[in-house]
Every structure is written in structure tokens, then in C-alpha cells.
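Look at the two complexes coming up: chain A is in both, with chain B in one and chain C in the other.
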Partner chain A sequence: MHLNGICAVNDPEVVQLFQFEFHMIAKETKMNSQPITEITKRSWYKRNEIAITPWLFLTPAILFFLVYVIFPIVQSFQVSAFAWDGLGEREYVGMANYKELLDDPAFYTSLRNNVVWLFMYLLAIPAGLFIALFLNQTVRGIRIYKSLFFFPFVISQVVVGLVFTWFYDPTFGLLNTILGGVGLGPINVLGDPTYVTYGIIAAGLWPQTAYCMILYLTGLNAVDPEQIEAARLDGAKGWKMLWYVIIPQLKPATFIAFVVTIVGALRSFDLISIMTNGGPFGESRVLSFYMFEVALSEYGFRLGYGAAIAVVLFMIMLCFIVYFLYSMYKEEKGH
Partner chain B sequence: MSMVKTTVAALAATMTMSGVASAESLKGDLNIFLDTSNPAPRAVMEQLIGEFQGMNPDLKIETTIIDREAYKTQIRNFLTANAPDVATWYAANRMKPYVKAGLFEDLSDMWAEPEIAANLASTKGAMTIDGKQWGVPYTYYQWGIYYRKDIFAELGLSEPTNWAEEKANCAKIVASGRACYSIGSKYLWTAGGWFDYLNMRTNGFDFHMQLAAGEVSWEDDRVKATFANWRELIDMGGFLENHQSYSWQEALPFVVNGSAASYLIGNFAVAPLREAGLTDDQLDFYQFPAITEGVALAEDAPTDTFHIPSGASNKANAKEFLRFMVSADAQTKMNAGDALGQLPVNAKSAVDDDKFLNEGFTMLSSNSPGGVAQFFDRDFPAEMAKVGMEGLQEFMVRPDNLDAILARLEKARGRIYK
Partner chain C sequence: MFPKPIEKSSRSVQIGYQFMIPVALILWLLPLIAVALFSIKPGVDFTSGSYWSLPSAFGGAENYGKVFFESDMPRYMLNSLMITIPTAIGAVLLSCMAGFALGIYKFKANLWLFFLFVAGNFVPFQILMVPVRDLTLDLGLYNTKTGLVLFHVAFQTGFCTLFMRNFIKGLPYALIESARVEGVAEWRIFVFVVMPLMKPAIAALFVLIFTFIWNDYFWAVVLTQGVESQPVTAGITSFNAQFRAAYHLMSAGAIVAALPPVAMFFLMQKHFVAGLTLGAVK
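Coming up: the complex of A and B.
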């Protein structure tokens, strides 16, 4: 196959290289030797192989990324300038959708809930770390315990949402049975605008903590025992040991945990949809859910307005994306 | 483009004519999309399609049944991208977005046929937008108060006919440690039913329709009067607590176990209540009582419909299928107690001999002089319905927020009805 489409090559170095390669092939395949002088030409591809191959491999990914990521983002920006029900004609309205957003209490509720999600969801990182530290020991059957702790991450978010909905049920739920047992009044977590978002986040933290735990468990395997020994000799133990010796070594794991948790918080959609459907009266909506509601749900016919919400959400995500890319860039440069 | 359209139209016209002219068996394809996904409705639809197939052995029928909830969001995709020949949907404003976008075929010609014009006349208004009819109805059902007869007997109550009696009953029920009304408002629309009735009883059908059409302000004193009536029931603790956390199905057990005495809901709730063990001696029905004296009683009776998408490729076959489905015989079978368990629209159909169907049929045909509404989310435009029902739910939980809620709805009205 290396012999096909050969063209003239004058560069002696390349010819030499090629001849060498040819010899290798000839040896390997034990092919009938042909006079080397015939093979003086090489294909255009061959000459530019080093430069082109990476792009060839990248092409499918780039294509898909363009079609399924970049193009929809551009399109969202475009659609957000129209009033459109997704069925009929579009009507250009300029910035009107954004102006309306600024004056929409439901938008601010969603935005506030997004911020609450971002901060509260980060609790999964310390929680995951402590469970990982707790499980990072050699006891008989520890693998079983580790799998059990990891279990919530394996089950679907929909199931997690359903389980927690039943747990919170104001009449029959376990939570209120327990609260009643210790003499506390029943609370309707998912029916009360004050608690509802925290209630859903608690449900989300269950699998997310498990995810962070597994990241830290792998991270803990890579902690250098010599450093720990050295720290011990210097008299470090307990919190000091954790804070100054272990956690710095877990930095890569922390970074990944941070990334997945932020991403998880921003795409918190399924739990809300299952547990409250955005209610009571829209108090548990986040931007992604509100966007779905106005643009795509049963009563939603405002694609332009939905796109405007999507653009705002994208802008928030962009801050994190830029930060992540920047830290990764710095990291690579450092090495 | 336009040439293609006219050719298709001409072709469709000739096909229709030939279809009418000869009663011969149909040929070609027929692609039907249904949202009747519950077991009994599904079975009866499949049975009727089987009969239609038997009448037209050469017709290639393909039926797709989609989950009822999923259908509501999928419809706009398949109507634009891959239109079937027949699709189910709902009457009144609920079909407006698709009519306005030109996605439903104008069926006025079918409504001019004597068979349909005479027998389906009761729902013609609900099928009309811009003076044309866009579909045909196959079923409708009454709304009203389903109550526990045994609990009423225990407390010495009788079916109320006016607001004072309703409140007096409720006071006694609350005093016995029960809730008067079960409701699950997690998915909002059940609260719309309460508003429909309270507003139609307080201000009448015409006012309700004006509000739905965006002609009246939400901050109007008459609307406030409706909410004031509603608030009387809320303040006396009439409604099931924590209803915002339940779906309508999840609110059924409270009626079954007797911790709520009644339930304002559609007739579709009867089947699950019976399945849960309530007998007809325990469960009964009464019409929502009058509130303002002199206001003609009006009812909610949502109508489910068949449509032909304008992108359909076998419109003549589809029309023939619709003629079959609205025929008196088919509607009788479809709405039987063990099938849909609802009311047939065709005036010549027989109503199945079922306590609730009989009561509902009598109520709608002779005791609803004010008019028949579809339902909150079918009479109000989709966006207004969504914002509105959210406000209604909030009002039920936080009645003190009423002014803010009404201001919000009024602002939405200003934007939605242009």
C-alpha cells in the first residue's frame, strides 16, 4: 500500500528515509523486491502526513462539535431576537425578549435558585472527601462498603427524585414520620417555597457526593506515602495533616470534582422536573427548567423568549468554562 | 411551491369526490396518531380501527399510540416534520396555535354534511376558529363534585344547591376533622377547574369567556368577587392540606380513605375511585351549586377531538375514517362504561347505562343553560393558562398574595392578547 501513487521526490533526505521505510516493509512482508529506483515519487498525503493526520482524526469531532454545539449556540442567539411560537412565522423583536426578562419575577426566582444550586451543590465536594477518607482503609469487605456508598450515583436521577419525593411526602413520608416521632411538626418540604429548592438540592447531593467520593478515593491512592511519613516525623497529625499534606496532593481530584459539581448544578433539570415540576407556583425553577417551560413544555410556545433565557444561562456557564479552560491551560504550561 | 400546493389540493379534491361518490372500499395508506394510551381507551380505539379495516380491506392502516402526556409536547414536532393523516387533540383554544400556524386542515366541508351538522351540533362552537371547523369531536365528559355519600349521610348532609348550603356543609365536614375537597394541584390544572366553576357561578358563562378572550381585566372587581368566594372555602380549611405536592391521582386516596369528603374533578376520576374500592353506594355526584342568584348554570365539559394535519398525505382516507369515528354507533362503543367511560358527542349515540354518565348527560343536556365551557387550559390561550394556573395555585396556598397575583396576571394579559 505504500507503493501506490508515488510521485517525484528530490529531497535526498526524504528519499533516503523512504528507502529505509521501504526496506522495512520489504523485509516484513517478504515481498518480491522491486528496484528501488522505480519508487521515487510520493503522494501529496504522504509528504504532509505529519501535518494532516491529527486533523483527519479531529475532523469527526470538530464536525460534530460544530453541528451540535457551536451552531445551536449561534442559533440560540439568533432566535432570542425573535418572537416565535415554533410553528408559524418569526417576528423580529430585537432586544425585546431580554427587556422582558429584566422585568420578569419568574426569571429572577430562577436566577436566584441557580445561584443557590451552585453554592449548595459544592457541599458535595467536602462531603465526598470525608466519606472517601473514611472509606480509605483496609478492613475486611471494604469494597462492598465502597460500592454501597457509590450506589446512588449509579441509579437514575429520576429514581432519586421519586425516592426523595416519597421521603418528603407531607402525609405519609418518612421524614415527617421521623419528625413526628421526636415531636416536631410536619413540614411539607416540596410544597413550601422557602424549603423547596434546598429539598431538591439535598436529593441531588446524594448522588453527587458519591461521585466526588469516588474521585477522591482514586486521588487518595496517588497520595505519596513518603510525604505522609515525613509529615508524621515532623509531628503533623489530624486536621493539620489533612489540610497541609493530604489536600494539596489531592488538588487534581478536587479540580475535577469542582468541575463536575458546577456542571451538575447548572444542569439540574431532571430532579426539579420529577420532584416539583417547578412548583409550588414556580418557586423551585432554575433557568434551564424555566427555559424548557416557556419554550417547549405543554403550554410553552415562546421559543424566542426561551432562547433569551438560554443565552443568559450560557453566559453564566461561559464564566466557568473560561475559568476551567484557563486553569487547564496554566496547568499544561506549568509542566 | 404554490404550484405543488395547488396540485396537491386538486388531487385531494378529486380524491374526496371519488371517495364520496363511490362507497367502495378505500385504497392506499392511513397513518393514525392517537394519545389514548390508557389500557381501556387504547383497546377500544384499536377495536374500532379494526372494524374500519374490516370495511376497507385494501387500506393499509398504521396506528401509533403515544403516551398522553408525551403527546402534548410531541404534537408540534410531528405536525411540522412528519404529519400523520389523523391526530387526536383537544377543542377550543387548545387547538388555536396549530390552526393559526396552518397545521390543521379546514374541515368545514365535513361539517356541512347533514350527518355531521345535525348530530355533532352541540360542539360546533368549540371546533370553530375564524368561522371554520378544524376537527371533529369523539368524546366529552362532565366535571362536578364527586362526594362520599356515606360521609354525607353520617354527618346528616344533603347535596347542596346553593352557596350557603355548600359552605354550611363544608363547615360541618371540617368540624368532623376532614377536608371538604380533595385536590392535587402539583400539575396546576386542577386549580383551573375550581376557578372555572367559581367564576362561572359568580359572574356567569359570558363573563368567563370574555376573561378567557382577554377582554376583561384580571383586576376587575368581578374577578375579585370570584376570588373572595374561593377564599371563604380556603379560610375555613376546606381544601386538602399540602395539595400543591400532589398530582390529581395522588389526591384520590384521601377520598378513598375518607379524610376528604369530596373532589371537584372530571368523570375520569370515577374509574380509579371504583378500582380503589369505592362502591356506587359510597360515591355520588352533584352539580356545582349556584353562587350568584340569577346567573345561569354553566358547565365544564372538555371535548377530545380528531384532526387532519394539513401535511397529511392521505386526506380523503382520513376524512372517511373521521366520518366513521363520529358515527353514532362508533361513538356509543367508544364511550361505553368499560371503554372511555365518557359521553358520546353524537346526538344519536346511546349513553352507557352508568350512574355517573347518566347524571352527567342529564346535567349537560338539560341543566346547563348558561353554556358549556371546555376547561381553563383549553379556553384560555396556552400562555395565559400557564401563568394563570400558577397564580391560582399560589392563591390557594397563599391567599394573601392575591393582589400581587392579579397584577401579574394582568401584566401577562397585556402581553399575550395583542
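Coming up: the complex of A and C.
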């Protein structure tokens, strides 16, 4: 993986310039250091400097990451084997929480909605590609248009949720005003168990499509013009050109779009919490939201049961994480 | 370039395209434009039921005035700033160091550690929720900005390290080698050789983390409650409860809450996009 545009220091002149500076830095170092006689018995640190330095630099990051990310994952697995209200004694219950999940209709609703989210959310990728192709021109003012199209991604999901709640409102919402204009009856998107999840996903697709669009715009910028010319000479154009020449070259952008979209779909929480709070009748819950509801809301503090739901969600994510890491590993070895 | 540059098409296609872009943009931003319109309508428009007419008078000054002077909004905004900025500084600092270690040195655990950071970054928040909340309570940091900042720094370090490590790997290794030949101490290589070259990456990460943390809602709800420490994403729900059904005020509040990351984006667009599209190009 490489960064686009922001690292271009392969210039030999720059290297020379730096070499001059090293002289200065090295001089300073020597002046501060011990007399020459000491060099033969340099300190233990000096002798092992190259082996130790990376660990010194890594320590703070590893420490933070262990305490707040790695240990909590292990602890969640532990907690899921207990019945616990967060205050009193933990009571070991073994697999009872997981057994209870199997008979919990709310769990199945959440799981089903998670699957719907995963598939529907992926629509952001072709939609983003479509907008990117539409905007990949050099007419005047196009830069401003590109940033304005990207705009929804910068806004917090809380605000996106509010905006779309009003957009869907059955009495005054823009959607129903427009539908009413063409003679279609009002739909209460967020109040109808069949539509509610799709309505929320549509709101989520708005910023996610913008994200995929910016990935593809960057990708399109780097497509090899010679290959396009060669393909044009061979008579390729339109769809064929897109499918056989352009999309293969956009593979890195597609991979990242896929990763961020999957992660985003499984993390969906903000929109559901703001737009419906899981309703109506719990029909818009997903695992992440149901877990929160069980563990930390008025339904009572059942942290053990919540942790069990989180573990299921984590296991689903783990399949994707393994795939992502495997792809990155192949990439690293390829270099 | 693909698709074919529009300048090579006929005049009518070009005009058609020039006309289509703004139309598409308006459709794309329609929900947002509606909210912006709501926020400058006077309250009387809503009680009389004329939601979609043009504003009967300009109510913007009054609406936004109410948000700033008659609600807790300024307090929430301040909280958000006091959470977002230390987090961005902390995460960038930690990841500069970790990225330097992983990008420059060859040692056995290198790739494994790197993948650990990457994997942690994809984890669903909910698996961390119960233990992190518990830990924060034990540390006495529940419902404090510090508690949120510590967690955010730790979690964002995953993404930031991925970013920094790849950036540093792209730097010419010859620079580091020649510095070593000159006898420059390793930590001095970090401070005087690598850091100056990392400025664009640092800027990119800073804007990205600022936006991510400003927009965080989940952890704000899990680790804080009440006006003393809640950021604006969580605060806006209490704001909306205060002004229930006053759509002109709720719209103004939503726009105010969304503004800082938007401003950040437009000011630092180049860095923002460079950061976000990391790896999108080979």
C-alpha cells in the first residue's frame, strides 16, 4: 500500500541535503557523548540500540492498546459465562447465556437485520463508483462539486439520523410531501416493521456512498492512461472498457471500500438509536443495538447476556477480519 | 482518463452535463437543504403548518441565538472540543512512535504487531463495551472527559499506526541508513529525520481523528452522562428533548453540532482526502 501524492521524497537532492544535516546532528551527539576511551566498553543500551529502540517506541502504543482493546475482548468472553448486573456478585452460569440466545426471538430479529445490513450496505460500493464516474471530469468548478458530494460523510451519524427522521416524517416529511405530489399515499417508513430497517439503511448509505465515491475518485485518478488508449485502439468502450480495463485497475480502492463498508455495517448503532430506538416492536434492532439495550438500558443491566451477544457479533466480524488480514498479508509478502 | 473527457463530446452533451451536475447535487443534498431551510424559518411557520413554504420571515438570527444563548449547546460544544483535541494529539503522538518502530526496524514480531493493531481497529465496539465501562468506573473516570479521551486514544491508535507505518515505509530507507553511518542516535533519527518528513501524514491524521471523534456517539453514551462531560453528539438528544417539536430550533441545533468537522474538512480538504484514501492507489 502506498500513499497517494503526499510522499514524494525520492529526490536524490533531498537525500543529499539530509546527509549534510546528519553531519551537524552527529557532531552535536559526539560533543555531548563520553570521551573516546569509553567507546570500547559502550553501555549495554548503546550496543543493543537497534534491537531495543523499536520496543521503546512501541511501548506506549502497545500498553494503551492492550489495556483498552485486547484485554477487554478477552474479558468479554469471560463475562459472557456469568450472570451479572454490574454491581453485585457475578454468578457463574457456563453456557446458559448462549443457550438463552438460541430461544430469544429478539436475537433472531437482530441477526436477520444484521444480514440485511451487510448486503444492503454493500450497495454503497457500486453507487459510489457510479457517482465517481459521473464526476470524474475536468470542467470548471468540479472540485467544489466533488467536495459537496462528499459532504454527507463529514457529518455525524447522529445528525444524519435526525435529518432522515424528519425526511421520513409521515405528516410533514419531504419524502411524503413529494409522494403526495404524485398522488401516492403517505408511508410511515420508520413506523412500519417491514420498511423500517431499509429506511435506516438508506440513511446509512448516504454517507457511506460518499466515502466510496472519494475512494474511487482517487483510484480513477491513478488509472493508467496508456492502457486506456491501447484499449480504445482495440475498440473497447463504454461498459466493456469499464469492466475489463478500469475495474481491474481499481482493485485496491474496491478492497478498501469493501473493508470500510463491512465494518460500518456491523457497527451500525448510531442511526438506529437516533431514528427508531430499535422500534417499532424491536423490528429495527441489530446485534450491536440489542446488546446495548440488554446491557445498559431500562431493560435491566444484564451484562453477561449482553457480552454473549457481543461475542456472537465479534465472531461474525472475525471471519471478515481474518479475510482482510490474509489479503494484506499476501500484499506485504508480494513487496 | 475514464470516462472520456467531456470536452471531446459535442457541444450539446457538454451543456447537458454542466446542467446535470448542479441538479444531481441538489437532489443528493436534499435532506440537508431541507434542514438548513427549517433552521431559518420562524417558529410561527410550523405552528401554522406551512412546513415547506418559503420562510414567512427570516428567523435564522433568533433560532441560532436561542441555540447559543438559551440552551446547553455551547457547553456541549466545548466538551466536544476538550475531548476531540487531546485525543487527536495523543493518538497521533503514539502512532508516530509506533509507526516509526514498525516501519523502520526489522524484527520478528514486527508484522504480527502490525496486524494486531490493524485487527483491533476493525473490532465491533460492543465487544469492548462492558469491560471498558467497568475499567473506566474502577479508575474513577466514569462521566469524565479524561475517561473518554483515554479510551479514544487507545482505540484510534490502531488505525493511526496502520497509517503511519505505511507512510514511513514509503520514505527512502537510504536516509536512515546514511544517518546511522554518521553515528546519529536512533531517537535523534526519529526526531530530526523522520518527524519533519511526516508533517503531511500528521496533518492528515489529525483532521481525520478530529472528525471521527467529534462524530462519535456510542462511547459518549456509554462512558458519560449529563451536561458536565457529554459531547455534542450525545448532548443533542437532550437538546431535542428540551425543544421537542420545535423543528426550527432542532434544525439549528443539528447544524451547529455538525459544523466544526465540516469546517475542518473544507479547510484541510487535501489532507483529509489523502488520509481517507490511504491505500486506494497502488
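Structural remarks
The rule is simple: the second predicted complex is superposed on the first by the 295 of 335 C-alpha atoms of A that agree within 3 Å, B and C clash if a C-alpha of one lies under 4 Å from a C-alpha of the other, contacts with A are read in each partner's own complex, and residues count from 1 in each chain.
As a working rule, contacts are C-beta pairs under 8 Å (C-beta built on N, C-alpha and C of every residue); 3 or more make two chains touch, one makes a residue touch a chain.
What you see is a predicted model; the values in this text were computed from it and never measured.
In the superposition on chain A, A:296 makes contact with both chain B and chain C.
In the superposition on chain A, no contact is made by A:235 with either chain B or chain C. In the superposed pair of complexes, A:183 makes contact with neither chain B nor chain C.
When the shared chain is aligned, chain C comes close enough to touch A:75, but chain B does not.
By the touch criterion defined above, A:334 reaches neither chain B nor chain C. Applying the stated contact rule after C-alpha superposition, one finds that A:158 touches chain C and leaves chain B untouched.
Legend: residue contacts after superposition of the two complexes on their common chain; A:281 is shown touching chain B, with no touch to chain C.
Of the two partner chains, chain C is the only one touched by A:253; chain B is not.
Residue by residue along chain A, chain B and chain C are tallied for touches, and C comes out ahead. In the superposition on chain A, contact of A:88 is made with chain B only, not with chain C. Common to the chain B and chain C contact sets on chain A are residues 86, 296. Interface residues of chain C, counted against chain A in their complex, comprise 1-7, 14, 17-18, 21-22, 24-25, 28-32, 34-35, 38, 49, 51-52, 94-95, 97-98, 100-102, 104-105, 107, 110-111, 113, 115-120, 122-135, 150-151, 153-155, 157-158, 161, 166-167, 170-172, 174-175, 178-179, 182-188, 190, 192-193, 197, 200-201, 204, 211, 214-215, 217-218, 221-222, 233, 236-237, 240, 247, 250-251, 254, 257-258, 261-262, 264-266, 269, 271, 273-274, 276-282.
Across the interface of their complex, chain B is touched by residues 85-88, 100, 105, 168-171, 188, 190-191, 276-277, 279-282, 293, 296-302 of chain A. Chain B contributes residues 69, 72-73, 76, 79-80, 97-98, 100-103, 186-188, 241-242, 244-245, 377, 382-383, 385-386, 390-391, 393-394, 397, 408, 415 to its touches with chain A in the complex. Within the complex formed with chain C, the chain A residues making contact are 1-7, 9-10, 15, 18-19, 21-23, 25-26, 29-30, 49-51, 53-55, 57-58, 60-62, 64-65, 67-73, 75-76, 79, 86, 133-139, 142, 145, 147-152, 154-159, 162-164, 166-167, 172, 174, 177, 206, 211, 214-216, 218-223, 225, 228, 237, 241-242, 245-246, 252-253, 256, 259, 263, 266-267, 269-270, 273-274, 287-288, 291-292, 295-296, 303, 306-307, 309-311, 313-314, 317, 320-321, 324-325, 328-329, 332.
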